[in-house]
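Letters A, B and C name the chains as they come in the text, with residue numbers starting at 1 for each one.
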């Protein structure tokens, strides 16, 4: 089967101007992936499905990944020359910026006709808060239908063009997206006599008001 | 909760055995009533997760729950006596479990089979996992295990039978449905935006009081 | 075409029955089959819209067993997630373990000794026998043969569970595979017992088939019911016996050739019609092929260690990277997608469940059939809710 670079070149030859980039995958598994831009993702997907030498007709797995905002500290060294003629003074300036996170959807494609694979596609949203739309690949591979619903349910990615985008695992009135890294669970099990570790951290976070003092029993209604 | 000890029966067990050998059965209404209830406990065909497979195995030929009186697993709650909550109760499923419990007519019993039904089990850190079915309905027997062996379920059934035989028709040892102030139907929780509402039934389950020191 | 307009019928059980008005058919009935129902597949709900007895629309609803396995996977070490994989498809814990161990081994580049590979194949094929036998039992239980085929199936299952218990300590939740091999070697006599079971299984299958395969009730209820066209099966990502019953030759043991499967000669049965009877027959034929693989593996298994001596269990931190790895479980392709960031816990831990994806076309299969057929079709899809909901 072709390497991801070859696939990218053929996609660009067929659909010039499409946003396709190869993302290297470190580690022994070496499953490199193609990062697609949302605008022409569906056209690229259809090409991958219909191309006679690829025939990627089977989308096996759709995964959502949450990459939270990261604080990036950049250190710049500024060297100012010494007016007295000595060695220049080097000062370090640290700039902090927030690199916005994103929600990523990873598709694993195989070919049942030609029995090869996988080809890995990635789509990323612009940010995690308000621009969370991505094109749905369900019109290309029907196997994405339930899996994209699950990514919507647990991560909050809105798939445009999905035939039936509703929650699939949680109930319809549920308001959160639980698989996100910043999801806080409801406080419903910290009834341990000696909370410690993660349980204590969660209990401390959820506790509304501190009790009166040591030995006071906290009776919750 | 101390009660005066029951009066010693006027007829001893040896004398009753002797009478039985002559074809005369001497018993009390209470004993007959408990015998009937304990030897024909029909479970509801209700399995949630992995423990359900061990429950099915307990009803199969090797372990055979039928010889204890649980001949059939009834699909309809109206015809069942025993709710074996086998498997993880999720918050999405909890209202249905409580509804089924309400639909079962008295006398009814409940097993919490497996670690998940007792307290949430290995999935305790779950946003969708109810940390034990005893938050909403009263449980008679807790069966630990993940999953408990079918023999453990049979042991629980035997223990339930002993519990039923120890009940009396009046007084504090009477079963729930013969006590005038006990609840009949349990409120069904609703789906909230983040959790079930209410997250627990305070009449059934109170969290153990914990001493949380300031800053601890 | 139809729109819900009437208020749900008031019932203490809540709005489970609803009347739906349709311009062409008049009043249709919307019934919720589940999440508690006599069919033994777990807490699964189908909201069916009925015109008389015929299904006009069917929407599956699940999530009633969603135990956030993937979130727990992010907060647990790699090895700590192994017992949780037992509880995914809780009938087939050995193959779930293998799929996860294979994924982590690919992520970290570990090798597995030969004896462990043979043991894994033996256990996977025993699990396949167990799963397909129980499926036949459950399918017939749902069709109304209440109890008897299931009793026969569970009798054989108990024999296989005895083997699992002797090997791993637990009947169902085996937690047996490790990254780099298996946890413990087979005790003395285990291989002989497994051989005896494999040799005797053919006779059991003959007995089972004599009662069921040519049975006119089974044929009347399953032939022509729930036809799955091959093109739809490929598009919808169906895998496993359901795909092969539709006629598509795609068995991961042959396609990917993971483990030592290329050393074994076995056939892949394919169906011609894609209906429920074909799905049942494909599973029966697969069981016969599994017996062949089992007997061959038990003959060929070499002596040696069952664990890679360089494998580290404590402090296991694979290098950053990601992998998607899959095996042919009894229900279909079970895959694990892992992203490692160099820490002791995976950054993202995802299970690709075969039953979840196989349910995509449940509505397509059931349209136009009756409610009784829907139960039989669902039985032949072979779902386990622990896997569907994770």
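Miscellaneous remarks
We take it that a residue touches a chain if its C-beta (ideal position, glycine included) is under 8 Å from a C-beta of that chain, and two chains touch if they have at least 3 such contacts.
Predicted model, so just to flag it, every value in this text is computed and none were measured.
Chain pair with the larger contact count among A-C and A-B is A-C, by C-beta pairs in contact. The most distant chain from chain B is A, comparing centres defined as mean Cα coordinates. We define each chain's centre as the mean of its Cα atoms; on that basis chain B and chain C are separated by 31 Å. For the pair chain A and chain C, the distance between mean C-alpha positions equals 28 Å. Rounded to whole angstrom units, the spacing between the C-alpha centres of chain A and chain B is 45.
Multi-chain contact residues, meaning those touching two or more other chains, occur in chain B at positions 92, 125, 127-128. In chain C, 63, 66, 68, 71, 75, 389 are the positions where the chain touches two or more neighbouring chains simultaneously.
Across the assembly, chain A contributes 169-171, 178, 198 as residues in contact with two or more other chains. Interface residues of chain A facing chain C in the complex, by the touch rule stated above, are 25-29, 31, 57-61, 63, 65, 106, 108, 112-113, 115, 118, 120, 141-147, 150, 167-171, 178-179, 198.
For chain B in complex with chain C, the touching residues are 45-50, 52-54, 56-57, 60-62, 75, 87-88, 90, 92-93, 95-96, 99-100, 102-103, 122-123, 125-129, 146-147, 149, 188.
The part of chain C that touches chain A in the complex is made up of residues 62-63, 66, 68, 70-71, 75, 106-109, 232, 234-239, 248, 250, 255, 318-326, 333, 335, 337, 339-340, 347-348, 350, 352, 356-357, 359-361, 389. Those residues of chain B lying in contact with chain A across their complex are 91-92, 120, 124-125, 127-128, 131, 191-195, 199-200, 202, 207-216.
If you check the complex, the residues on chain C that touch chain B are 12-14, 35-38, 40, 42-43, 63-69, 71-72, 75, 83-84, 87, 90-91, 150-151, 154-155, 157-158, 171-173, 385-386, 389.
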